[in-house]
Each structure stands twice: as C-alpha cells, then as structure tokens.
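Two complexes come next, and they have one chain in common, chain A, joined by chain B in the first and chain C in the second.
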Partner chain A sequence: MNRRFSASLVALLASGISLSGCTDTTAKGPVNLSKGVPVGAVLALTGNANVYGQDQKTGIELALKALNSAGGVNGQPIALSLEDSGSDEPSANAAFNLQINRGVLALIGPTLSQQAFSADPIAQRRGVPVVAPSNTAKGIPQIGHFISRVSAQSSVIAPLSIAQALKLNPGLRRAAVFYAQDDAYSTAETVIFQKALTDKGLKPVTVQRTQLNDQDFQNQITAALNQQPDLVVLSLQAVDGGNMIRQLRELGYKGPIVVGNGMNTPNIYPICQRYCDGILIAQAYSPELATPTNQRFLAAFAATQARNPTASRIPPQLTAQAYTAMQVIGEALQRLDRKHPLKTLPLAQARKALMDEILSGTYQTPLGEIRFTPEGEVIQKNFYVAKVRMNPDGKTGRFTLLP
Partner chain B sequence: MEGLLQLLFNGLSVGAVYALFALGYTLVFSVLGVINFAHGAIFTLGAYFTYFLIGGTVGANGLMAGQQLPFSLPFWLALPLAGVGAAAVALGLERIAFRPLRERGSDPLLALITSLGAGVILVNLIQLLVGAESYSIPVGTLEALPVAISIAGAKVRTVQVLLLAIAGLLLVALSIWIDGSRSGKALQAVSEDPVTAQLLGINSGRMIQIAFGISGFLAGVAGGLVGLSVSIAGPYFGIGYGLKGLGVLVLGGLGSVPGAVLGGLIIGLAEACVPADLSGYKDAVAFGFLFLMLLIRPQGLLGRPLAEKV
Partner chain C sequence: METGLLVQMLLGALLGLSVYLPLRCGQLSLATPGFYAIGGTVAALLSTRVPALGSGDAFYPIASVLLEMALAALLTGVLALGLGRVVLRLRGIYLAIATIALVEILRVVTLNLEFTGGALGIFGIPQPFSGPEGYVGLTLILLAVVCWLCDRLEKTRPGRAMAAIRDDELAAASQGINTADTKLLAFVLSALVAGVTGVVAAHFLNSWNAKLGNFDASITTLAFVVFGGSRTWLGPVFGGLLLTALPELLRPVGDLRLIVFGAVILVGPLFFPQGLITPQLFQTLWRRMERSAVPRPQEGRP
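And now, the complex of A and B:
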C-alpha cells in the first residue's frame, strides 16, 4: 500500500514538474491563423476587481468589431480569446500561461497593477507583447521590452485632481489620506498623492492603511475624523473605495473627496450610491474629444447601452483605454502584415516584430493621439479632472469634466 | 473617555458579526464534531436573498441578468425571510453533504472536505446565476432612521447599532432556547454524546437537522445585516468573514456557544484597539492575539480540555 502510494506521489510530482516546466513549443512553428489572427485578453471578470474587467471587456469588444468590420488584418479577421484573471495574481499568471500556450500574438491585460507585476514577467520571458489597458503603478513598462501600456501612470494624472480640489476650495489645509497597503496600484498612487499634497502646501494629518478586502472602515474613519481633515484623499479600488466613501459621509464627513484611478468606473455608483456625488477624479479620457475616432467610439458604445434605459451612454475611461489597447494591437498587426505577411513568420519572430511595430506607431485613439516611449510608456497629450454627479435616483450618475 | 467609547462601539459592532458567524460554526461543531466550511457560502446567500427580497435586480452578468422578484418587501421582513431561505439551503446541505457520510460512519474529516466542496459549488452557482459584480442594498433602506448617531460624543453608523442590537437579540434568544427548552437540552445531550442521547430516546438526526437549520438562519441574517452595512462584494463575500469566524470559534472554545460570543467580541475589540497607523495590520494583530491566547489556553476561552482516553 505504501509502495503504491509512493509511486502515485512520484507520478504526481513528475507530472507537476513537467507541467510547470512546460515550454511553448508552438513558438517555433508558424502563427496559427486557422481561426483568424490570434490575440488574447486577460481581464478581471470575477473577484473584487470585476467592476473594472466588465468595463474593459466592452471596450475591447467594440474595438474588435470596428477592426474586423474594416477588414481585420488585411483581410484576415482578428480572433480574440478572453480569459478571466480573477482579481488575484495566481489567476492572472495561469491566464497568461494559458493564452501564451494557445499561441496568441499579443496580450491585453491584466487589469490590476498588482497582477501585472506577477504576470507580465511571464510574457516577457516568453517574448509575448503585452499592452496594459489599466495598469498605472510605477514600473510596469520597465518590467521588460515586451511590456507596454496605454494607461498613463499615476504620477502624471493623480496630482491634477489635488490641484483641482484646491482650485475649488482654496482654503484646504489638512488632508486625511487612505490607501490599501496590500495593493501595488494603491501604494504607488498614494506616494504620488502625498507628494502632490505637500508640494501644494497641504498637510497630510493622518495616513490610514487598509486592506483590499476590507469593507468596514469605521475604525480608520473615526481615527481620521478626529484629526479634523478638510480634504480626504483615497487610493483604493472601486469596491473598498465605494464603501469607504459611503461610510465617510455617513459618519459625518462633509468636505471634498479626491479619489484615484481605482475608482475611475461608473460601477462605483451602486456601491457609494448618492454619496458618490461630488468626488473628484483625474481622467485620461474625455468623451468631449471631437475626433472622428472618439465620435465612432461614442456611437458604438451608446449602441451597446441602448437595451438598458438606465445605463449611461457615456463610456468610462477604462472602456476607452481598453478600446485603445485593442486598436493599438490591431493597427500594429496591420502594419506588420503588410511588411512581413504573418503566415510567413514563425510565431516567436512574429511576436517580436509585432512588439517593435507597437512601439514605433502613432495612433489616433479615443484618448487622442498617442504613441510610446522606447520603454513602452504611453505618451498622451491631454488629461482632465471630473466631478461625479449623481442623479436624484441615487443609482445612476455621470463623470462631469471640470474646466 | 470619548475615544474609549468610540473604540468600544467600533469593536463591539464588528465583533457581534463575528460572534453571529461563529455561532453557526459552533452549533454544527457541537453536534457533529466537524467544521462546516460551507457556512461562509450560506452567509453570502443570506446577503443575496435579502438584496433580492427588497426588490433588487440582477446585474448585467449571470444567467438571470436583469431579472427581479415580482414583489419587494421591507427590509424588516426581508431579513428574517432571507434567514429562513439560508436555513433551507443549510438543511439541504446537511441532507446531501453530511448525512450520507454520517450514516456510513465515515471519518469526520471527510465531512469537512464535502462541506468545503459544497461551499465552492454554492459560490460558483451564485456566480453563474447572478454574476460576480457587487450589489448594494440601497442606502435609503433605513430612511426613517438617521444615518449615524452620537452617543456621549462617539459617532456610530445607525446600521452598526442595529447590527449589534439584532445580533445581541439573536444570541440571547439562542441561549434561552438552549438552556431553557427541552429541545435545547436535547441538543446539548447530542453534543455531549450522540449515541447515549439516542439511547435516551432523543432523535439525534433530528437534532442535527435543527442545529443546521439554526446555523443557516444565523448565517443568513448575519449576511443580510452585513450586506446592509457594506456592499455585497460578489459571491466570495463570505470568505473573509469565514476565516475570522474560524478564529473566533477556536478562541472561544470549540463547540461552546458562550465562547463563540465572547471570542467574537474579543476579536472585534482587538481589531478596534489596533492603533490607527497600523490599521492595515488589524487581521495580523487579531490572529496574533488568538495565537498567544491558544498558547496559554489551548482549549480556548470557554472550551473544555479534551480528556485523553487511555
């Protein structure tokens, strides 16, 4: 019995080792174009970050439809495979490996910076281009040559909302800062926020640390309110941030609230409900941008919302950025295929050439004109600050851009 | 003084939820000697049941996207009904995941694994039917009450006070039932020794069902109350509370009802006592405290030491 058990254990370990060490044998072969040009997306469709993944899925699907209806990659349709990365690192790693083994030419994702620091090195090691639609933490493109992003990093956009809060309320002096200490995005962004506060002459009178899965913040809020802040600055994700705002208001805080990119989604409305009203948030996307690409994007988005009378017709930033990521890959593929037809290239070589194309292009996107630094960091011209305005029903609202 | 009172309220309101949660674990453990790992999923179901009973709509994802019940109930009615719904599911679990193993005299460890499996299935079923998105009970649900109240300078959200009051009421009712009724005493007898209890004419199987039913009801009500206080953050909503409930169960003493209450309140207060600058480490502090307590008193605060059979 023991011997049989030992044999089973050895077999199990051996299979585990062979699975964990499995290499992408398909990379040496040609690109599999039988079902179209393979592109993968890895998005948080479940877990705490699912509120972002749903927005992103819409954006990617809209861009895919636009690209394919315009002929795809020089006549070949783009075949998108979508994988759920949950909201944690192991699931993102597994989804990346799965997509790469399927032979995708490029990946869009993962949703969270925290996941990107774990999953992107896999794509880098295996030479697969990644275009991140929503990672804003410092150091993402620096993971390696194959990693790029269309989401401007926090240091560029976060300080804008602090400046706007001061413009609206010049008397602000005392800020209470909250961030999730177990989340890469939150910890990176709060450093930017705290520096911006100090630079503008505001004093962070308290810095409260939370955890991503926390939902009850009574302890932290009552401790912070004892310091009598006149500004609250949050670097939290949508679910914990939404709960934080609701509890801040219920416990009597009436001052302005500045939030970071983690709450840049209309999916916060059902969480903080009427208390979302008035929060300030920096934006990398303006629905008011009058370019043909943005107008097409707006019309396509509005059409997807037509079935739901209460849904907003204005796309959120995450949807615009995900659309942009898909558009960047699609246009880079078109250029590459014109230079070197994809059917003639081995997969590994096609992936490398595609990364070079992605980095060298200039793109007219819903975010405006963008291009990349050689490192893969996005270069974008315009940023904005929005104020959330909730409708009287307390369930729906909109991000109103401020002058 | 004001700060101390604030800390006390913060700790008690969180601790009451932990206690309510751990009581469900305790009841099942006391009669079966196993931890029901599906308890967190039942808690989650209670939150979802409450949301749908007050007229909530299923979001854009899941098989039931856009659907809602043809009626909506006031929260006060929806909450106990959600508890009843959760109790019904708990009874179903007992029938499917626990009873067959018990009847075959299987090792209790197997029941623990089947409960874990049942919990995973329930959570995935929720995700399949109503999606993974967050749901919130509308903030105006308690419109007649102020959103927060001040007690001697300490500010507390009304929903937290309600949570504490309802949890307290349920705990008192449960204690009275266990100590003052025939069926409560029969439950105690079964938890002491199911075979002897059976010989004395007590229907052990029936008492186990009652334990599961009450445990499910408590979990369902706790889920609904927490859902009112914070948002329902998807089908995995109950996992964090489940872990904390386990800690409370062990701290209070396995199978001890007053121990579960005491353990819950102590963990809640321990978390509240964590200095503001270290608030992100409150879980580590709470579990560190639990670890130290167990080094000193391995049977938990109110548990009995296991007699070693020679």
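And now, the complex of A and C:
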C-alpha cells in the first residue's frame, strides 16, 4: 500500500472517529433551562410539502405566544427551536437528531407521515415525546410509547366528505378516483375513499394513478371523463391536486369534487384559483366553534393577517392542529413542573414524565376538547365538512362549513 | 458535529464511489440509485419479514446485517451482469438515458408491488445498534474497504485498462484490452457498492420506500462526483461527504440555506471543472512537502 493511500485513509478514519467522539450525551444531565424550557419543532418548510409547513409554523408560533404571555411554564418561558425537515426522510432524521441533541423536552412534527415513519423511531429510541400535528396515516402512534398525534387519522375523517357529497346530491352514481401512486399519504387515503364509496354503493368506475411531481394530467383526465363520472374524488397533495382541479374544470368536468386532507390548506387558492370553487373537504377544525380557546386563537390568527388585506382571516386546519400540538405540550409541561419542578429532574426522566403527562391530560383546544388513548391516538369529538367558496377575484376564498 | 449526519455523509461518499467506478471507464451510468434501492429493499424485506434473522431480539444481530449485505450484493451483482451486457453497448448520453430508465422501472415496480409496501414503503426496520455511533463504525469500515479497492484499481491491470478506455476506447481495444469485459467489471463493482450501501441505509433510516432511489438521487450522486472530481477515488469521497453535510451545516443561515447550497454546487464546477480533487493537486502538494522537508543540495555549498 503506498504512502498517499495510507495517509488519506488514516486521515479519513481519524476524522471520522474524532467527529463521532463529539457526540452529545446530555440526557443524563439536568434540563438546560438557561434560555427557557426547550421545545423543538421539525416542519417541512422546503420541498413539495412546504405549503403545509408554513401553515403549521404560524400555528405553533401563535400558541407559543399565547403560552408565554400567560406565564409560560409557571414563570419560565418556553424556548422553541424550529428546524426545517425538507420534504424527505433523511432531512427529517437529521433535524430530529439535531433537536434531540440540543436537549429539547418534546418535539412537534414531522409534517409528513412518511417522514414520521423514518424519524419517529429515533425519538422513540432516545425517549423524547413527539406530538405530531399533521400525520394522518395508519400506524403512527403505534411506532412507540413516545409518539402521539393531535391529527385524527384519515380513516375517521375522509368518509365524511363522501357522505356529504351524497347528501347534497343523492343522484350520484359514477365516481372517478385519482391518487398519486408514489405518495404515501395519497395511496393510504385513496384506499379509505374507495372503501367509503363502495360502502355507499358507489363503486368507482375508474381509478387513475398520477405522480406526485406531475404537472399535466390530461391523459388521466381524458381517460376518466370517457367514463362520464358524476363525482370526482382526489387524494392528492396541495400542488398536484390544485393543478388537477384546474385541468379537470378546463377539460369540461362540471360535477362535484371531493378532495382529501392533502388539499386542506388555503395555499391551494393560488394554484387552482377560481376553479377551487365548490370542492368538498372534510375538516377536523371548525372556525365557528364558540369556545374561549378558539375565539382567542381566531383573534390571534386574524392579527397576524392584518398586514395583508387580501388574506383570509379564517385559520386553516393545519394551523389549528399545530397550535393544538404546542398547547398540549405547554399545558403538560405546566402540570409536570407543578408536580416535579423541571430544574430538579434529569433530562431523560423529565422527558419520560412529560410523555405520561401529555397522555393523561384533557385539553380545551381550538379543535374542541381532546384527549389521548394510552397509545397516543387523539380522541376528538367533532368533525365537519367544508366547501371552498372563492371570491369573484379568483385569488382569495374561504372554507365554509356545511351543516 | 452530529453523529447521525456523519453516517449520512459516509453513505453519501459510498454512493459517490459507486458513480465514480463506471466513470473510470468513461461510462456515464446513473443506475446507482436503482441498485441502492434494491439493496435497501432487500434489507427492509428480510429484516421485517424473516423472524429467523433475529428481528425479535433487542438488537438485530450484526451477522444478519452481513447476510443481507451478501444477498444484496449477489442480487445487484447478477442483475448488473445481465443488464451491463446489454446497456454497456450504449455510450455517453445514451447509456445515461438507459440507466435512468432502469432507475424509473425499478421505482415504478416497487411502487406497484404489494410486498414492497407500495408508496408507503416498509417501516419498523429493526436496529442493530443502540445509536448512530454503531453505524459510524460499520459505514467507516465499508468505506475503507471500498476505498482500498478503488486505490488498488488505480494501480492494477484492470484499473489501468479502465483508465485507458476512458482516455480512448478505440486505442485501448487495439492494444488488446477486452473493453467490453472491463466496462462490465466496473459496472458490476458499482452495483455491488450501491447495493451494500442500501442495506446499511435501510437500517439507518428506519424505513424504506421507493422515493429513496429516484431520479433525483441519480442527479445528487452524480453531483458528488462532478463536484469532488472523477480522476481519483478521493474526489467522489470528498464530494459525497461535503455535499451531504452542506445543507445541514448551513442550517444557521436559515431560509437561505438551500440557495447557498445551490450556489456552491454551481460555483464548484465553474472554478474547478475537473472537480476539487485531482491527481495534479496531489502532485503539487507532495512536491511542496518534499521541497520543504529535504534541504536543497545547493544550500550546502559554500
């Protein structure tokens, strides 16, 4: 072996070992409260899921402001660190590791279910509570004891919008289903939609597959329209779904459109514009809920939109759920701190005790009253169906709840 | 430095080497993510579906991981052997297109097969180590072995034959080099490295799905080699380490981090068209070091 090679290899190994030696093992030490009570959030602020992350960021920041202005955790403010998880798994893992090494007591995130399957086991192994604000796939709380969610799973919500479409239009007979075959959320939700349709005697006349990054759906739409559907059901994310709706309408489809949770954000308005009008979406959040918590949330949200006159004053579901996740962690921290002051607990023990507090509590949130099953699945009372109403300018609109 | 990131960087270096091996013969193959996905899927399937391998234990046995690596190597090796015979008849951009097609076919097949979990993929992959530190050891050993192999290649007959093909395939053939077999050897080696890397990655990422071996990954891994340099094995290693780490190291920059990352990828090849690490760079470095270590003979004269 020559000199150059051995020199390079030694350098490589040495740097590897020295770098891995710098790993942080602070979990045995006390909770670092110097900057406040550390809580982390990992959201998709870049990549194709960024439209969701932006909504969630707003919700978390509003809840943080509300908690800290009411005294934080019994006098100590909550210090939130927010990291971008991109829209892929390796970035979500990296962000989770980074946050856990910083010594956070609990994590909010990640945005996508697919990221959760990859990143949540890290938190589970290291004993860090995770409250997921938007994972709707089956099996998330089952990853482990430390994983919980405030987002009801799609098997609960998705069938409601189909029922509503039938209520509005009992004559529907021929449903066309679209989903992105390379996306975990879409493939999981379409199964639920198709089952709900079959249960209602509306077996799909066609099922069309698309790709998450597709822009042009003419082939699938033409094939579907040949079957003369009178109902279209979409399990697509915001960007591809928005384009799909626009192209469906442009190619002459006039019937009702039911969409899944992936399009449950006002960020679809700029994509499908006036064509968004009339689509049906099941909701886990109602802005009309007349509880004090929701009124405070509504007022705080409207204040953030005050600078932008065209923006909607109505918070989207993702924002409400993210707010709820932060609120759950905040209130659990307050209860924990009253029982065992945080500064007396080692970090690992504080995380474990916090998880028990999160699961045992009942919370008055913008989503209404929520609790958790021992597994970490959310128990929520009310769900709704909304219809998108676009304003005449075709750029702004709102989700109006249907009775 | 965060240990999990270090593992990602080492995996990036291994993938860079996998792209570099066919490039040694001047073959632009973008099939690396395809073989990487096969390795990952093999590991994910075996470790979650075959209880005999030890998925029920507190820690998944290392021996089972090694067995998965062997099987992944076998599978990718055989596939590369069969495919290579056909696709290596193509050159340049045509070979690149054919290998992109391979990556796409594998991705769509994985998405539509029941047993690979469709788009959701396979999750709950058991862990052989309690934390990322174990993975650092495993990937470091793997990287060292592959680096050693690549270094030997630069000095032995098949490796020199590869370099000859890269410089001029016709001239190499007229000197009696079996160009078809040599190119095939490089292609198979590349597939083996990618397949084995996929096995480690599947365990490290806890879950595996078709998105991890898509066309984007082809471009990313190619960027490792273009950025680091394709003339010596240290180039792709350096490129893989740096380009995987950069988006994470740039986190303090905030919202601008991906813009800065893009600018770095753009500026690298502009100023270093051969890549950052070239044999000339080494020669210059060694000459400088030798000059400073040994006093010049003139200096001793009166």
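The definition used in the following text is that the second predicted complex is superposed on the first by the 381 of 403 C-alpha atoms of A that agree within 3 Å, B and C clash if a C-alpha of one lies under 4 Å from a C-alpha of the other, contacts with A are read in each partner's own complex, and residues count from 1 in each chain.
Quick note on the criterion: contacts are C-beta pairs under 8 Å (C-beta built on N, C-alpha and C of every residue); 3 or more make two chains touch, one makes a residue touch a chain.
Remember, it's a predicted structure, so these values are computed and weren't measured experimentally.
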Quick one: is A:Thr222 in contact with chain B, with chain C, with both, or with neither? Answer first, second, both or neither. first
- Message: Under the stated touch criterion, which partner chain does A:Gln181 make contact with: chain B (first), chain C (second), both, or neither?
- Response: both
Just to be sure I read the superposition right, which of the two partners does A:Arg246 touch: chain B = first, chain C = second, or both, or neither?
first
- Task: For A:Thr373, select first, second, both or neither according to whether it touches chain B, chain C, the two together, or no partner.
- Result: neither
With the two complexes superposed on chain A, say which partner A:Thr210 touches: chain B (first), chain C (second), both, or neither. first
Once the shared chain is lined up, is A:Gln54 touching chain B (first), chain C (second), both, or neither of them?
first
Partner chain in contact with A:Thr46 - chain B first, chain C second, else both or neither:
both
If we overlay the two complexes on their shared chain A, which of chain B and chain C does A:Gln295 touch? Say first, second, both or neither.
neither
| said: By the touch definition at the top of the document, which applies to A:Thr344: first (chain B), second (chain C), both, or neither? | reply: neither
Dual-contact residues of chain A, meaning touching chain B and chain C, are 45-46, 180-182
The answer for chain C against chain A in the complex is residues 1-6, 8, 10, 107, 111-112, 118-121, 123-124, 127, 130-133, 136, 140, 143-144, 147-148, 151, 155, 205-207, 209-212, 234, 237, 247-248, 251, 255, 257-258, 282, 286
Residue positions on chain B within touch of chain A in the complex are 3, 6, 10, 13-14, 60-61, 66, 127, 132-136, 138-140, 147-148, 154-157, 159-160, 229-231, 233-236, 240, 271-272, 274, 276-283
Chain C partner, complex, touching residues on chain A are 1-2, 4-5, 8-9, 12-13, 16-17, 19-20, 22-24, 45-46, 83-84, 88-91, 93-94, 97-98, 101, 113-114, 117-119, 121-122, 125-126, 137, 139, 143, 180-184, 186-188
Touching chain B in the complex, chain A uses residues 45-48, 50-51, 54, 180-182, 206-211, 213, 215-216, 218-220, 222-226, 238-239, 242-243, 246-247, 249-252, 267, 270-271, 273-275, 308, 394-395
